Structure formats: C-alpha cells, structure tokens
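Listed below are the structures to be examined.
The two complexes that follow have chain A in common; it is paired with chain B in the first and with chain C in the second.
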Partner chain A sequence: MKVKQHHSDTKLAIILLIPAATLVIGLYFIPTLITFLMSFQKRDISENLFEVIINLPSSNLDNYIRSFRDPDWIASFNQTFLLILIVTGLGVAISLGIAILLSQEFKGRGFLRALVLIPWAIPPIVNGTTWTLIYHPQVGTLNALLSQLGLIDRYIIWLLDPLLAIFSAGLAVTWRNIPFMTLFILAGLQTVQRELYESAMVDGANFWQRFRHVTLPAIRPVLLTVIFMQIIWTTKVFDEIWALIKGGAAGTTVMNLWIYRQAFEFLRYGYGSALAYLLALFTSIVVIGYYYLVSKRSER
Partner chain B sequence: MATPNRVLNKLLIYIAAIAVALVIMFPLYTLFLMSVISRAQLFSKPFNWIPVTASLKNYIEVLKPEHPVPVFQGIINSFIVSIWAAALSMLLASLAAYALARLRFPYKAHILTSLLSFYMLPAMLFLIPIFIIMKYLNLLDTYLSLVLPYSVWITPFATLILKSFFETIPPSIEEAAWIDGCSKISALRRVIMPLAIPGLVATFIYAFILSWNEFLTPLIMTNRTVMITTALGRYRSTYDIEIGQMSAAGIYSILPVIILTLVFQRYIVKGIVEGAIKG
Partner chain C sequence: MNKFYKDRSNQLTRRAALSTSAKVAIGAVVAVGAGVGGYFAGLQAAPKEVVRTVTAPGATVTQPGVTSTVTVERTVERTITAPEKRPKEVRVAVFSHYEDVPRKVMAPFFEPRFGVPVVFETVVAAESRDKYIAAHRAGTSPYDSLELWATTVQEMADRGWLVDLTDWVNRLFGPDRGAIADVWEAATYKGRIYAVPDKIGCPILQWNKELLKEAGLDPERPYEWWKTKNSINEFVEYAKATTYMKDGVQFWGYIDQWGYEVVVQYSIFAQMFGGKLMDTTKNQPWGEPAMNQKPAVEALQWMVDLLHKHKCIDPASLTYNWVFDFLPGYLQGNVAMVITWPFVTHVAENPEQSKIVGKTGFAPNFAKETTASLDGTEFFGVSKFAPNGVEAGLLWLEHVTSFDMQRRQGLHGVWAPIYKSLLTDPDITKTMYEAPVIRISYEYPHSAFWTPDWERWTDILRKEIHAALRLEKTPQQAMDDAARRIKEERETYTS
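Showing the complex of A and B:
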C-alpha cells in the first residue's frame, strides 16, 4: 500500500512539474548547452543554429586562448573585481548600520523600514540614469550638495577618471542593493537571543562591546551569505553600468558589459559565448568557495 | 540607567534615522526635482533644493505621440509583457511548488538545487542562443520574445516563494479532502489553490516587478517594440535639453513598482528574505 502511494505521488509530481520543466529545459538548459558548443567555434559564427551543429568537428580552444590576450577583457575583469570590492564592502557596512538601527525601537521605525525597501523596486536602468544626473558635471546634485556644504570648491567630473568612475558606479549599485542586505541582516539580528544582550548589559558591556562580542559572532553566517550574494550579483550588474557609460563614464566596462558588446555589438557570438562561460566559471569558483566555507563551519 | 544617557541614545537614533532617510531619498529626490524644474533653474547657482516654480510640462510632453522617445508606448508594452510574464510564471510555479512542497518523489533535492543555479549564473549564458533562436523563429520584436525568457528566470524564484507558502498550509486540510473522496488533483484545484490565493497574489506582484524592471532582455530582443526601460535608455543624460524629459519618464517608470512595493510590502520582504535564505 505504501509503495503504491509513493508511486502515485511520483506520477502526479511529474504532471505538475512538466510545464515548468519544459520551459526551463527548453529556454535555459538547452540554450546554455548551445552557448557551450558555440564557445569552441569561430568567434564570429553566423546566426544560424544549424551551422553550430555543422561546425562541431572544427571545435577548438581559440576563443578561450584569445581571451587571455584581449586587453579589454582583462581590463573588464579588473573593473569587475574593483566593483565587487566597492559594492560588497560599502554595502555590507552601510546595511549593517541600517539593520542595527532598524532593530532598535523608535517612533517611525515602520516608516523607515518601508522607505528602505524602495530602492529594491527601482528598475536598475532608472537607478543608473538617476545617478548620471547626480554625477552630471554641470547640473549634478552631488556637486551642488558638496559645494554648498563647502567640501569642494570646484565641480568634480565624477565619471572622467576611471578609478573615480568605478567608485561612482559602485555607489549607484550599492544604493539599489541596500534593501536586500538590510532586510537580510535584520532578519539575522532578530534571531539573536535577547538573553545574550541582557546578560551582556548586566556585565556592564557598552554598545560597542555588545556589538563585537554578541551581535557579530551571532550574525557571522548571515554576513557570509550576504557577502556571497553581493559578489554573485555584482558579476551580473549590467544596467547601471550601461547607463553610466552612456552618461560619459570612462573605464567602467565590466565583464558582463564586455560580453554583451562582443556578442551583440560586434556580433562575435562564438567569442561572446566563450567569455560568458569564463564569467560563469568565475561565478562557480565563488559558489564552491562559499559552500566550502559553510560546510567547514557546520562541521565545527 | 541614567536618564541623560537615554535621551542621548534616543537623539542618536533619530539622527541616524534621518541620515538613512536622506541617503535613500537623495537619488529619488534628484530625479523628481529635475523632472519639475525649468532649464534655467537647473543651471542656477547656488542650486535650489526646493524648486521656486514647478511645472508638469515634461510629464505631458513625454507622453505625446510626437515625442522622439516612445514613452507612452513603452509603458503600455511594459504593462502587457509584465502581466503575461507574471501570469505565466505564477501558473507554472504554483504547480511545481505544490509538487515540491507536498509530494514525495525521487530527485527532489536535485531539482531544488538546480533551481538555485538561476541566482548564480550570468544571463548572457543563455541570452545569446535565445536571441539566435528567436531570430530564427522570426520572433524578435514580439511580446513572446520577452515573456518567455522573463518567465524562465522568474519561475524558479516564484517556485521557491510559493513552496514556502504551501508549506504553511496545514496538511490536515487536504487530507480531509482526500478522505471526502477528492482526488489529489481536484483537492489541489478546489481546496489548496483557493487557500493559496494570498501567496499567488504576492508571487504575481513579485514577478510583475521583476518583469517591469528588466532591461537587458528587451535591449537584445526588441527594437520597435519598446519597453519603458529601453525607452528610457534612449535618452541622453549628457544633453541637458533632455534631462527634464528623461527624469519625467523615469518617474513614470518607477511609479507603478513603488506603489506595488509599498502596498505589498509585507509579502515582498518575505519574498526577498526567504528567496535568498534558500540561495
């Protein structure tokens, strides 16, 4: 009887899963496989799917080898790496601060929590466009603000210097990521046991000591997850960078953008596919590293 | 527990709260300000943070049919595509989520893990061949060329959100339906789905916002069939003459998603946190 029950479960499960599975296999797994095949073919392979099959015997590693000699690709790797450092570092620090603030009790907390959610909903392309207005050399609000506060005496062209430009881009991406990181850290903070704080208070620990010895150890796994998600998401950033480059940003071409340009501007589908797989490889290394850290932690 | 200490604490909290609110509002206020002020005010020094005169001229201008950037058409198209994509992914996800939440079958853990890969891998990995396939099928510049790819990566998110929702429904309810002679499918249709309506609505809203915000896919797949996001990409923020209009179009594009987010705040927070915990 029990076996039969199990059997009918499987049948129903297959029926329920087939629609979603068809879509995902047809438009995700198969395309991903096609990209893999294309990455070993001529870099400017035509748009004909059949040609991908016909060309299979002449597959080689040219695209991958070429990528190591492509100075723009290497530059885009460096830009991505810098962007990850900026977005993760800045984002975690700011969001941790906001999360701690939101875990306090004060009037207007519900309002602030709703407000903090808003950047999540903003279309990334609008976010990028908005920051081109903030950084605009003549009419930008950042220059206006800083000069009125007396912090600068000459307007800064934020997007001209590559290092300043990537930092500016990082700030824009960070702003959009604040809601996710804050909510996530806040959820972690709420699991910290109240008794721990209370006993620390009794022991006379001040705010900083409580943070260092109670809060931080308790939310370390949450922070690890947030850092991991930020790294992954930053490799996927596209819209903000696209808008900022259009708004005059120099040297902010990240990997994702360079892949887009190779594939859809220069129509080098083969080369673009190889670069997409290299980016996926980078992502996979991060994922494996994360799971290694997590499993090592749970062993202890 | 000295009282002055407490007052100081409260004061610090409020200062921090105001600072946070200002940081969050700064970009949005910039966009709003630039959409309502005149060109002369844009260049005025010192810059006026509170506009002397405000006008809705840009808001009317960008919706006109002769406006060089098809904002109005973009809004209409974005609504159509987002509703279709949200409906399709909600439908597919609700079936899959029920199976994953309630039924016992082999390889379940593998399916769940493979759903998670969507959070990780770059979209470019499958957009290149999807573009080629769409072109081959003559589907470029159609709604379908957007609805299908959107649904592909929204469905896994939606499945995870709905799965955790189904798990909150007590199993005794459907067991009672089975005892009353309902088959598993009709119990799902008549008993579980009606109970899951709040979860389904939340998933729909979540999927709608993700679709509305998508930029890279329409940039690749469409040209004449413009979405609000790609319409916005056609402005040039470097030409000050277009700044006001671009900002007004930007405000139009964020209004629907901000309203939805604030109205469905509770569900969205749950979706963000739960979706990620599983990642």
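Showing the complex of A and C:
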C-alpha cells in the first residue's frame, strides 16, 4: 500500500515538474547547446538552425583561433580588464566609505540609507544616457561645474582619449553599482561585535587602527564576495558603454559589446557564439578563483 | 505631432484655405463615393486595372545664390493592375520619427482609393533592422510593407527576404525613372530593385551668418562655394577665422559628427576629392575597397589637417555620434559652420530651440573637385512573407510614391519628396525652402557605397579613420590597413 502511494507521489511530482522542466530545457538548455555547437561553425544568420546539427562533421576550432588574431576582440578584452579594475577598485573604496558612514549613529541615517539606493533603481541604459549629458563637452553639467568652480578654462572632452573614456565610463558604471555594494558591506559591518571596538579603544587604538585591525578582518568575507560579484558584473557591462561610447573615436569597446556586434550587427552567429563562450570561460575562471579563496578560508 | 508640421498648419493663407476647402470637399465626395462603391465592389470582383495620369507642374525658384529654373519635367503616368483578390488589410511598418506623415497625411486617402484599410505599426528606425531580421529569420513578417533604412535594403535582399520590385518599378516610373531624384543605389542589389524611395534628404552646408560677419568675412559667400572648384580652401580660411576664444567662450569654425558616423561624413569628403570608399562597379554586390586610393586618402589627410594643423574643428566632434550631439553648439551660436541634414535649417529658425534665428544660411556643400553629399533616402519594401500577400504591400508602395501623396509630403513633412519637380514646386518651397538645395546636391556625387555587408566594412573603416585622426597612423597607412582588413574579412565570410 505504502509502495503504491510512493509511486503515485513520484508520478505526480514528475507531472508537476514537466512544465517548468520544459521551459528550462527549451529556453535555456537547448539554446545553450545550439550556441555551443554553433561556435565551432562558420555560421551566418540566414542559415537554418537545423543545419547546425547537419553540419556537425564540418565543425572546427577556426572561430576560437580567429579570436586570438582579432585586434578588436583583444582590445575589448584589455579594456574590459581595465574597466574591471576601475569599477571594482573605485566602487569598493567608495562603498566602504559610505557604508562606514551609514553604520554610525546620527540623525537622518534612515533617510540617507534609503537615498543611497536610488542609483540601483535606475535602468543601466538610462544611467548611460544620463551620463552622456553629464559628460557632454559643450552643454554637460560636469564641465559647467568645473568651470564655475574655476578649475578649468576650456571644456574637457571626457570621451575622447581612450584611457579617459574608459575611466569616465567606469565612473558611470560604479555610480550604478554603489548601492548594492554599500548595502552588502553595511550588512557585514553590522555583524562586527561592538565589544571588539570597545576593547580596541581601551587599548588606545585610533580610528585607522580600529578599521585596519578590527573592521577589515571582520568584513573580509563580505568584501571578497562584493569584489568577485563586481568582477563578474563588469565583464557583462553593455548599456553604459553603448550609450556613452558606442563606436566613438576613443575606440573603446568591451567584450560584451563586441560579442553583440558580431552576432547581431554583423550577423556572424558562429563567431559571436565562440566569443560568448570565451567570455563565459573568463567568468568561470573568476568564479573558480572565488570558490578557491572562500574554501581555503573556511578550511582555516 | 512633429513641431514643424504643427507650426506650419497655423500658417494657412487665404489661397491655401480655399484650396484646402476645395480638396476637402472633393475628398469627402470621393470618400463617400468610394465608400459606397467599395461596399458594392467588395461584393463583386476587384477591378482589373486602375489607370491614373498626373502631370508634374513647372516651377521657377530662386534662393539667394541658388537659382533653379525648372519647367515641366515630364508626365508621370501610371498604370496599376489592381490585385485579383483584394486583401482584407495592408499592414505597414513606419518609422517613429516620421509616422505623422504616413498616418495623418497619406493614410486618409488610402482606403477610399483602394477599398482596403491600412494598419500601421510604429518601429524605431534604429531598431528596425533587428526587428525585421529577427522576424524574417524565423520565416515570418508582421508587415506587408516595411519602411527601410538605406543600410538595410541590400542586406535583406541578399538574404532573399524582400520582393524583387524591378518590373513593378519599371511599369510605375518608366525604365529610366527620370522623374525621381537619383536615389536608387541603396535599393539596387545585383541590378534588381528591392525597395522604392518615399522621402529623400542629404547633408548640406549650413552656417551662422552673424559669426562670419563678426570675423570680417562675407556671410553670403558660402552660397557660391558649391559651384566653385577648390572652394574647400576658402571654407578652411573661414573656419580658421571663426575659431577663437571670446569672454571665456570657445567659438569654433566647424563642428561635425566624427564619432560613430564618421564614415558617413568621410564619404562626403572623399567624393568631393573625386574619390570612392568602395568601388561598387566591381565584384558585385560586394564591391572592391577603394578608400586607399589617392583621392580618398587626400580627403582623410584634409580631415586630419582640419583637426591638428588648422585646429578649426571642435575636437569634441570625434565623440559626437549623431546630429543631436553637436547641434547644441551650433544652435547656441558658438559654431560658424556645419554639414548636416536639411531639417536642421528649420530647427535653427525655431526660436524655442535656437539662438540663431534669422542668422542662418544654407547651400549645397563646398567643393574640391565638385561639391558632394550623401544620400539619406528612406525606402519602403515588400516582405517575402507579407501576411496579406505581396499585392497588399505593393498597394502601399503605389500609394506612398504617387505624385499626389508625395506632394502632400512636401507640403506637410520635413523630409523632401522624391520627385525632382516637387523639389522646386513653389507651393512646397514656400515652407520646405531647402528643397531646391537638396535637388542640386543630388545632381553631384552623393553615394554612400551601399553593399550587403556595409555594417561590417564601415566598422573596420571607422576604426582606421579614427586611428588616423588620433595620429596613430598616417592616412595612407590607415586606409591600406582598412582595405586589407575588409578583404580578409570578406575572404572569411563571403567565400
């Protein structure tokens, strides 16, 4: 009787799982598989997807080999790397500062905590477009502000020089990511025991010493998570770069943008798929690195 | 509703009012007649043939410095074969930046004329390519007729997604298509036509007369440049003289969109120098790279000099990706000269948007060997997967290109009609005063060197032009590299 009941429960579970499983397989697993197979073929958009299967015997590594000779892909890799450094470095430093400030007791703290969330609510493309207005050489608010402060006598072209352009774009991305990082770090700060600070103060530790020897070690796991999430997210940045730089003279592009252009502007599905898998590989290496560091720490 | 269209609707003269009243009255009678007739026709077989004859009016139009005298061009005669089976509707994709004209000006005449309703769907022009490609890739189309950017026609034709319209166009416009401005390059793929133009336009020279006057220059002189060989040198002198700093404000002689759209502007300069970017007469439909030949390289050297030697172009031009990026400087009165789309002549004269009202001039671009511009025509094509059938799509094409609809577009729109005679029609030039300048510009080189892989090769070229403009390569090196990379790319993908 019990065995019969068990069988009918399993059947019901399978039936209930079918719709969700169909969606996952149809919309996630199959496209991932087809894209993977496509990455080994010289595939153009006008060819039938079923041809991917038919043409399997002619698959080769040409797209992957080609990527190592593609100057635009190499440049986009370098610029993505630079963007990661800027967004992660700047973002973590600023967010840590804001989080420490918001962890203090003062009037209006609740309001400020809510205020800091605003950039997170802004869609990335709107953020990018807003920053184009901020950076506009003639009518941009940044040049106007610097000019009124007497810091510049002629306008700065923020998106002209490749290095300045990637830094400017990095600032726009950082601004959007700050709320998330701040909240994460703030949560970490609230787990630090008050007694530790009190003991440090009794021992005569100043603010920097308390931060260096109490706060930082305590929130290190949180910081590690924030840093790795920033790295992963920045490899996927698209909207801000699209809105700010597109294909401007700075020649700045990032990996995700170049993949989009190959696949959807030039319609090179095969090559675009190969590049997408290389980006996925890069992200996977970062994730593996993160797990390695976390597991090493928990072993200790 | 677009601003210009709204503004002009208020400027109704007595003559126009009478004429409009008469047209409305006739229209109402025709509409009622067509409605009743349509009801009965719906019960019977569709008419076999519609014959219509329209005669283009003559015109003499004088602009300061630009005189065009045009007599009757030719008779525009059409013989349309109505579809055997009348479609239940016609579905048309129209661009959002210009939907008022097809929706409000042209559509009211469609159903009375064909007995078929027209249903519009708005598409953002910049997204149209993705939308059309995604649909056609899946073997379907939500639209019978598609509004197309020039960049898209050959690409879609190459993939077999557009209907070959050659015979239909020849029957409609005559094999020489002489009544229409020279705008067929983008629509032609392997000698066959896959789209028809519905509105035309090309970048023209526009300038702030007051800034020229303040610099001690003749503000009327640029009207003459397009007819004068080597006037490009005079342009540079003017740009240098109007580049200065005054009371902490930077004034520039010239400003341009040399960011993402630099290839478009370079096409204009290369043709002024007598050059080409792509020789589309060879290796059709792809063409042979020609940007590394002497005239095109000289044109790029000229751009480099403008930026680094003469220093009379705003260097921020390299970060401006489209017209609205650089327009604020011109409209604020800080820039002397621009080469841009004709609609800007109206924006510059709108006091709500501009501080240079009443101070502007416009003419065809200056010349090196000749003047030159770039064809910015927009088209309509018919999808191979038209849901209501190819005939349904053709009905819209017939309507939108008809002489009377084009005339209405000239009267109510901001883009120019396709018929040459309408570009000098006195009624139209009263408000679309830049139309004669557009007509002249189309009589000189204006190619955009369209090919099915235009998106790809212009991306390579853009990067090499920027390398030259950043002084990382000489113009010759940059253009040699561009030609080599384009060939390599094509060897991989078009072999």
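Throughout what follows, the second predicted complex is superposed on the first by the 271 of 300 C-alpha atoms of A that agree within 3 Å, B and C clash if a C-alpha of one lies under 4 Å from a C-alpha of the other, contacts with A are read in each partner's own complex, and residues count from 1 in each chain.
Everything that follows uses one rule, which is that a contact is a pair of C-beta atoms (placed from the backbone, for glycine too) under 8 Å apart; a residue touches a chain by one contact, two chains touch by 3 or more.
Quick caveat, the model's predicted, so the values are computed rather than measured.
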{"item": "Partner chain(s) touched by A:121 [first = chain B, second = chain C, both, neither]", "value": "first"}
{"item": "Which superposed partner A:157 touches (first chain B, second chain C, both, neither)", "value": "second"}
{"item": "First, second, both or neither for A:232, with chain B first and chain C second", "value": "first"}
{"item": "Which superposed partner A:246 touches (first chain B, second chain C, both, neither)", "value": "both"}
{"item": "Chain touching more of chain A, residue-wise (chain B, chain C)", "value": "B"}
{"item": "Partner chain(s) touched by A:38 [first = chain B, second = chain C, both, neither]", "value": "first"}
{"item": "Touching partner for A:72 - first (chain B), second (chain C), both, neither", "value": "second"}
{"item": "Touching partner for A:265 - first (chain B), second (chain C), both, neither", "value": "second"}
{"item": "Partner chain(s) touched by A:138 [first = chain B, second = chain C, both, neither]", "value": "both"}
{"item": "Chain C-contacting residues of chain A that also contact chain B", "value": "136, 138-139, 246-248, 264"}
{"item": "Residue numbers on chain A that touch chain B, as the complex places them", "value": "6, 8-10, 12-17, 19-21, 23-24, 27-28, 30-32, 34-35, 38, 47-49, 94, 97-98, 101, 104, 106, 108-109, 112, 114-127, 129-134, 136, 138-139, 141, 144, 147-148, 175, 178-180, 183-184, 187, 225, 229, 232, 235-236, 238-239, 242-243, 246-248, 256, 259-260, 263-264, 269, 272-273, 276-277, 279-280, 283-284, 287"}
{"item": "In the complex, chain C residues that touch chain A", "value": "130, 133, 137, 159-160, 245, 248, 250, 258-260, 262, 314-316, 318-319, 321, 325, 328-329, 332, 334, 453, 455-456, 459, 462-463, 466-467, 469-470, 492-493"}
{"item": "Chain B residues within the chain A interface of the complex", "value": "10, 13-14, 16-17, 20-21, 23-28, 30-31, 33-34, 42-43, 46-47, 91-93, 95-96, 98-99, 103-106, 111, 118-133, 135-136, 148-149, 151-153, 155-156, 159, 184-185, 209, 212-213, 215-216, 219-220, 228-229, 232-233, 235-238, 240, 243, 246-247, 250, 253-254, 257-258, 260-262, 265, 268-269, 272-273, 276-277, 279"}
{"item": "Contact footprint of chain C on chain A as seen in their complex", "value": "42, 44-46, 66, 72, 136-139, 153-155, 157-160, 246-251, 261, 264-268"}
